[in-house]
Structure formats: C-alpha cells, structure tokens
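The next part holds the structures, each set out as structure tokens.
Next come two complexes, and both contain chain A; in the first it sits with chain B, in the second with chain C.
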Partner chain A sequence: MTSARSQSFVLGLIGVSLFLIAWEVIGTYRLAGLTWPPLSTVLAFLTTPAKLPLFGRAAAASFTSVAIGYLCGACGGLILALASHLIAPVRPGLDRLVAVIHAIPSIALAPLLIVLASADATPPIISGLGVGYIFYVAATSGLATASATHRDLFAVLGASRFSVTLRLDLPSALPAIASAMKLSVPIAFIGAIIGEWFGASRGLGLLIVSAMQNFQIPLLWSAVLITAVASLAMFALFSLTERLVQERMR
Partner chain B sequence: MSDKPAIRIDRVSKTFRLGDGNELSALVDIDLTIAPGEFVALLGPSGCGKSTILRLVAALEGATAGRVTIEGKAPADLCQSHRLGVAFQDHALLPWLDIEANVALPFHLAGRSVDKAQVKDLISLVGLAGFEKARPKQLSGGMRQRASIARALVLEPEVLLLDEPFGALDAVTRRQMNVELQRIWSRHSITTLLVTHSVDEALFLADRVVVMSGRPGRIILDLPAPFARPRAPSVMRDPAFHDMVDRLTEALEPEGAHA
Partner chain C sequence: MTAVVSISNLLRRYWAVALIVVGWQIWVSAAGLSSIVLPGPLAVATDFAGDPLSYAGPAGLTFLVAIAGLLLGFLLGAGLAILSWSSRILNGLLTPLGLIFTSIPVVTLIPIIARLLGYDVRTVVAIVSLICFFPAFVYVGAGLRALPPGSDDLFRVFGGSQLQRFVRLVLPSAVPNLMLAFRLTAPEAVLAAVVAEFLMGTDGLGYLFRKAAGEFDTERALATSLIATITSVACFGLALAAERRVLRRWT
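Up next is the complex of A and B:
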C-alpha cells in the first residue's frame, strides 16, 4: 500500500468519525429538533432483541428485491447491449427505447406496475429497470472502446465476428462493465425502496413509510441506517472489484 | 509456380472521400509486383500513401481502381484462410493477455488448437524467452515489438506485412531490432512488404526498395538492394550501402524543395 493511499484511508476514517460524532452531538443536544435522534439511540433501538425479527424480515424482503432487480437488470442490460453491438440495424431503436424507459420517473411508473403486475413484483422491477439502464449504457460504450489498430489486427488475422466480440470487444468492455456494477448499487436500492412505498407487503421501504407516518423516529432512522449501510457496503465491495478489473485489463 | 507473383498490385488508384465532400487522391496508378519469398520495402515521406498500399494488401481498404491480388486471389481470401501476418507501428498486443497468450492469439482466431512448441520457439526466436508470463505493459517498447513480430509469424503466414513496426522506437533499439528482424527473416523467408520512412532500415532489410513520392502517392524509384544474406550490421558501413542511401535519400526529397 502506498503512503498516498494509506493517507487517504486515514483521512477517510477521520471524516467518517467526524460525521458520526456530529450525528451524536446534534441528536444529544437536539440541535436539529426532536426528529434527529443521537446515533447511540438509533443503535440501541436497532439492537433491541425484540425488534430484530422485524428488521430481519424487512431487510430480507428488500435485499431479495435488490438482488433480483440487480441481477435481472444487469443481465438484461448486458444482453440488450450485446444485441445492439452485434445487430447494427437495431442499435438506434434500442438506444431510443432504453432512453425513453429511463426518462419515465420511477415514481410515476411504480403505481402503474402495481396495477399491471403486483405490489410485491414492483420493487424488483423498478430496481431492475434502473440497473438495466446503467449496464446498457456502460456496456454499449465499453463494447466500442477497442482501438482501431486492434480491430485491424483481428481483421487481418481473419477473426470471425464471434471471435472479435469474445476476444476483443468483451474484454475491452470489462472496465466499463465493472464501473456499471458499482454505479448500479445505489440505483438498485433506490428502486427497491421506492417500489415498496407503493404498497409492498413487507420491506425496509414499507418500514420507512409507516415509521414516518406514525412518527416512530428511532424506527425510521434504523430502517434508513440499515439501507444506507447495506448499499454502501455493496458499493465499497464493487469499487474494489472495479479497481481490480481495471488493473487487470489495462 | 515460383515465377507467379506473390503480390500483384495492378494499376491501383485509391481516392478517399473527405467529410466536406471533396476527394483526396491518395494513390495514383500504382503498379508493383512482388515475387514469392521477396522482401520489398516501401519507402516514402509520411502521408505518401505507403501505408494505404499495405492496407490494400491487408484487405483493410478496397482499391478505387485497379486490383490487388495475392497469389491470384483477393487479399480478403488470404485473411479468411489466416495466412497473412501483420505487425503495426502500434504493437497492438492485448493488454489483458500475457506474452505467451498474445503470441498464441492467431491460433485462436484461426480456430486451431495452439501449437505450444511453435509459440515457445517463436518467443525464443525473438529473444523473449523467460518473459512468457509477462504482461505487455511490463515490457519495453522494443520487447513489445518483438512480441508483435512473433505473433505475426506464429501461423507461418504466406505473406508478412510490416507497417513501420519500429517507428516508435529510439534509434539504437531500432537498429538492433533491424538486425534481429533480418536474422529472423533469414530463417523464414516469407514474402514481406515493409512500410518505412527510414532509408537505412529499408536498405538493410529488403531485397528491393520502392520509393514513393507524396500526394498523390506514386512510385518514383524501384531499386534492388544487392547485399548478400545473411546481412551483418557491418553491411551498413559498406561504401556501396552508403551510395545507395544517398541515392534513395535524394529521391525522397520533395520536388521543388529547394525552390
């Protein structure tokens, strides 16, 4: 580890500590009013044994939606990107279709999906649409990044279209796809939480909405904290993956 | 069969259509025949269209007029049957593969199983033994070019195309690479077309040096390089070599340069 990297790690640690201390202080002295509890109160609430099954059920439901949405969105986005890469005539149409779907705010889409599909299918669908968009955009641009000289080389060596895609375009696209993996994480969580607001039977999103409406401040903050920590942890994990892929492929 | 030309460039012209609707005449009425096993160097100032000729032979471009044939067939046929080897100025090694896998790449693209002994032989022929597992970015510019030449030769191609393969190297490494390439080529004697703007390089490596003028590109001189093979670096100190360097350098000077 270089000294620059360890320095930025230490600075990051200091930053996070300052943030957590500020949270605690603001809550303790009620600087932001009654709706800002100190961190210690939230953590105490979160670790109350009686509450664990509630959080467990909600988190399991939401994380399942996130996982399904993420995987389906990633696969869908990659498959569409490959189709647009391999079949030139469909490219403009696919680009536009994906852009149009993405341009519809998910808040507007959610009620529609609840009517069309079901309340429990809505969170993964919204999540998947957002993730799919990121993967599609990253993969289509990534698949086009191979240099002109590499393309010439493959042409002179008589490579088939399939070989060019497999041995040149896909490896060249991996760094962009790794970035999409990272950037999709918050999108997947937002999609799942928003999807749950519109009447899912369980989940962190539902917990957030009902806690807010019933003024259960520690419960609200706990649900938000679980979501944030999970999203950040996954984001950090995929950041690491992204760095490894970029070192390996470049 | 041996008197049949390996590469025939038959009164070829190439015009590029520019973005503003104008046309750029890159090559006019180029006529060039390369015999089997012959090493021809195309020498010319930058922008004279010498790389365009190589791209026509590599089936990367099509001629506007005239015809390019390799062994009587279209160049694309040779590509399709994986019998063309190429090395560019940009080494074009794949950064995610190690040297061994890069050199073995043509086998995969040809849908053949990798001949490991052949890959190993070529890696040691170009002086990279021990670097099989190194990644391109860990090697020097000269070593990367060696790897790209090994890759060009690995399928034992009928025709080898070299597009300024040492153009990005420093003078000392370049000369050393020329000596190496001469040695390697003497082992294989493949029909070779080398594009370069270095007079020394052309003369030292080739059997014949073809000089082109710039814009539009045409052939202005076609000289044999009558030095016995294998050629030692000392050839470059031969007075006859110097005379020819002078002649070729003079031919390269643009018309009206002194006006």
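Up next is the complex of A and C:
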C-alpha cells in the first residue's frame, strides 16, 4: 500500500514537473507567440526587488478582500443554513433566494455594488456571496444527515429541539462543512479578483486587467501566478483539515 | 381552488426573492434615487418590455457559445479521463495536475487566454471549455473508478476482455457522475461566457452589459444582467432535466 502511494506521489511529481518544463519550453521557443513567457522569465520578474512593493501592496489588498469575504460568507451561509434547518417553513424560500443570488452573474453585481457600497467594498462582498452559497448548500444538506436511529434516541430521551441541533445535527454536519471550507477557497479568490476588475483602487485583479490591456505580459502572468499559488496553498491547508475532520467523525 | 394552491406554493418558494424586489422598489422610490444611480425593478422591467428583441440576439449568442464551450470542455475532459483510466502511468501524471487546476481560480486565466488567442468569439468558446474541462475530468475520472462492489470480480470470473469490461461496466458506471458534473457546470458556463465577453468586448450579453454600463444606461445594464441570470438558470434547468432523463433510463 505504501509503495503504491509513494509510486503515485512520484508519478504526480513527474507530472507537475513535466507541466512546468512544457511551460518553460513553449515560452523559450515562442511556440505560443509572444504572449507566453517562459516560467523562468516570470519567476525572475516576480523576484525583481524593484517589483516587490508593487506585488506586496496588490497581494495584501486582494488577500484582505479574500479573508474578509471568506469569513463573512462562511458565517452568513452557516447562519442562514441553521435558520432554514430550525424554522422549516422558511426553507423553500431561502433555498430559492440563495439559488437566485448565486445565478446572478458577478459582473452584473459588481457595478451595482460599486454604486451601493464602494469600489473597495465590492471584492469582499462578491467573494462572500460565492462562499456563502457553498456553505449554505453544504450545511443544509449536512444538517440533515443524522441517522433516523439517532434521532429516535434523542426523541425518546426527551431532548429539546435546541439540544438535538447542538448535539446531533451540528456534529453530523461537520464533514460537509469541512468540504465546503475547502471547495469555497477558489470561489473566494475568483470573487475578489472579479470584484477588483471593476475599478478597485488596488489589488491583483486590477494588476491583471491593466497588464492585459497594456500588453505587459510578464506582469500579467506573475499576478495570475501569485493568485493561483495562494489559492492552492489555502486549498491544500483546508484539504488537510477536511481529512482530519472526516477521520475524527467516522 | 388549484389557482389558490399554486399561488400559495409560489409564495412559499419565492417569498424571500419577492421581499427583496419589493424592498428595492420601495427604497428607490422613497430615497428618490436618480435612475442613473439605481433604477427600480419596475423601470428595469419597462425597459425590457419596450424592446425585448434587442436582448434576444446577444442572449442567443451567449447561450450558444456557452453550450458549445460546455460540450467541447466535457468531450475533452471526459476523453482525457478515459485515457488516463486506461493507463496507470498517465493517470499518475495527470491526476495531481487536474486537482491543482480545480483548486485555483481558473477565471483569472481569462486575460491570459484572451491575450494568447486574440479577442474573438472562438476565444470565448475556448475559455468556457477550459472552465468546464476540469470538473468533467475530475468527476468522470472518479466515476470510472467507483464500480459497484463485486461487479469487477464478476467480469473477471466470466472472462470478460478489457474492452468488454470497459464498455459494459466501467463506462456505464461513470455516467451518473458525468451528468452530475454537467448539471453543476452548466450555469457556470454561461457566467464564464458573460465575463469573457465583458472583458474582451466581443458580442453577446457581456458586451451589451459593458456598453450599457459605459453609457450610464443603468436600466438596460440591469435588464441585461437579468437576462444573463435567466439564461444561466435555464441552462441549469436543461442540464437538470437531461440528468434526470439519463438517470431514469440508466437505473
């Protein structure tokens, strides 16, 4: 078993290396035109000391938006899910509301939010709406996963609605919530970046879109790379959390 | 009687949406906001009703582009999943890459692809198919490996060839996962197409929105986003119907 696992690890490592080598080769020999720089050029551009403050400021702004959006979205989604779990009659209405808000294209929400809130509040709000949707859907289905036998036991022992929720429903929803924590990471980043495409004053999204329009190819790829690596790192961290929760709850 | 029942049913499902729309209208009227800043839902509906045909063309284009990208992405994603099923080495090489790309915000790649392929409709199709590719690859790959317990042994005992095993057992057992991925990605395909059109300024709902917002025609911009929402929901509905239909035949 361990040999199979280490084998697949090595294969995976080779796969990722092949991808990075292909990136470098395509860039070096201009196989995809001038807009595909080799990986080494992008990395050299990223690590230029003169560029560090630029990337630092942009990344700080974007990651703050992601963090605020993620936290507020997670709390909001969980609270709404609890409400629809505890008060059955509101559930169909809340389900539809959440689905409709999720279906509104974020590029349509962004200009509206800039008017209603402000340009700098738009990225965290869009990010929070996306995250909230994932948490709501995962938590409402997770809260309903407790087995009928357990439910009967709680009923027989005369547990109140509140203690059933606290001691049975919430613990059995934890694996689903842990999955939502992981799956909403890229959504949080997408929300913040799209929010910044609409006139935020700083951030990686602004950097990406202005680099695209001004043909600053290394800058464009660097900003995308920072976003991707940050999202990947956070995703990996929450995958670990998810695994821990699932092992504990099994 | 049935009318009363269906109205109460509608209210039960849409009370929260209705509350927001009514609240929005009251707020706009009470605060006396200029229609450039934020028009009420009535003004948006009037603008749409006045000239519904001017939305039909862009909406149809966006819908077609989204469907084309969705199908292309699924064809490539499912194809690669099948290829990597057949070879353990290929599977080992590709699975981590697939995972990496599902955990990064793929939407941020839109500007790069726009630069690589040029600003036109084909690029929008390519972007949508890229966004649909990874879910298809991951879900179909998982489905190809989740065989009903014991079925694999049965095929071996009866001496089924590798090809028979694939066509009669492995492929069918991946179909539910394929349809699930299809339903989950269909609405995203429309939204990705709209974002791409918006950024690049190619025809479609995204461009209509950008033009309207640029001219401070907020009523038109909001009506456009309403149409985009409806298109996205319609795509979801179609995918859901397709999923139910396939699953009914399948199980």
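Just so we're on the same page, the second predicted complex is superposed on the first by the 246 of 250 C-alpha atoms of A that agree within 3 Å, B and C clash if a C-alpha of one lies under 4 Å from a C-alpha of the other, contacts with A are read in each partner's own complex, and residues count from 1 in each chain.
Methods note: a residue touches a chain if its C-beta (ideal position, glycine included) is under 8 Å from a C-beta of that chain, and two chains touch if they have at least 3 such contacts.
Because the structure is a prediction, the values reported are computed rather than measured.
On the shared subunit chain A, the superposed partners chain B and chain C are arranged side by side without overlap.
By the touch criterion stated above, A:A155 is placed in contact with chain B alone, chain C being left untouched.
Between chain B and chain C, an angle of 90 degrees opens at the CA centre of chain A in the superposed model, to the nearest 10.
Once the two structures are overlaid, the count of chain A residues touched is higher for C than for its counterpart among chain B and chain C. Touch criterion not met for A:S201: it reaches neither chain B nor chain C. Once the two complexes are laid over each other on the shared chain, residue contacts for A:L168 go to chain B alone; chain C is not touched. Once the two complexes are laid over each other on the shared chain, residue contacts for A:L232 go to chain C alone; chain B is not touched.
Touch criterion met: A:F189 reaches chain C, while chain B stays clear of it.
By the touch criterion stated above, A:Q7 is placed in contact with chain C alone, chain B being left untouched. Using the contact criterion defined above for the overlaid structures, shared-chain residue A:I104 touches chain C, although it does not reach chain B. In the superposition on chain A, contact of A:S118 is made with neither chain B nor chain C. Here the smallest spacing between CA atoms of chain B and those of chain C, following superposition, is 20 Å.
Contacts from chain A toward chain B in the complex involve residues 147, 149-150, 152-160, 163, 167-168, 171, 174, 248-250.
Touching chain C in their complex are the following residues of chain A: 7-8, 10-16, 18-19, 32-33, 35-36, 89-90, 92-97, 100, 103-109, 111-112, 115-116, 185-187, 189-190, 193-194, 197, 205, 208-209, 211-212, 215, 217, 220-221, 224, 227-228, 231-232, 235-236.
Chain C makes touch with chain A in their complex at residues 12-17, 20, 37-38, 89, 91-97, 100, 102-109, 111-112, 114-116, 187, 190-191, 194-195, 198-199, 206, 209, 213, 221-222, 224-225, 228-229, 232-233, 236. Residue ranges on chain B touching chain A, taken from their complex, read 55, 58-60, 79-82, 84, 86, 88, 90, 92, 94-96, 105-106, 108-111, 137, 161.
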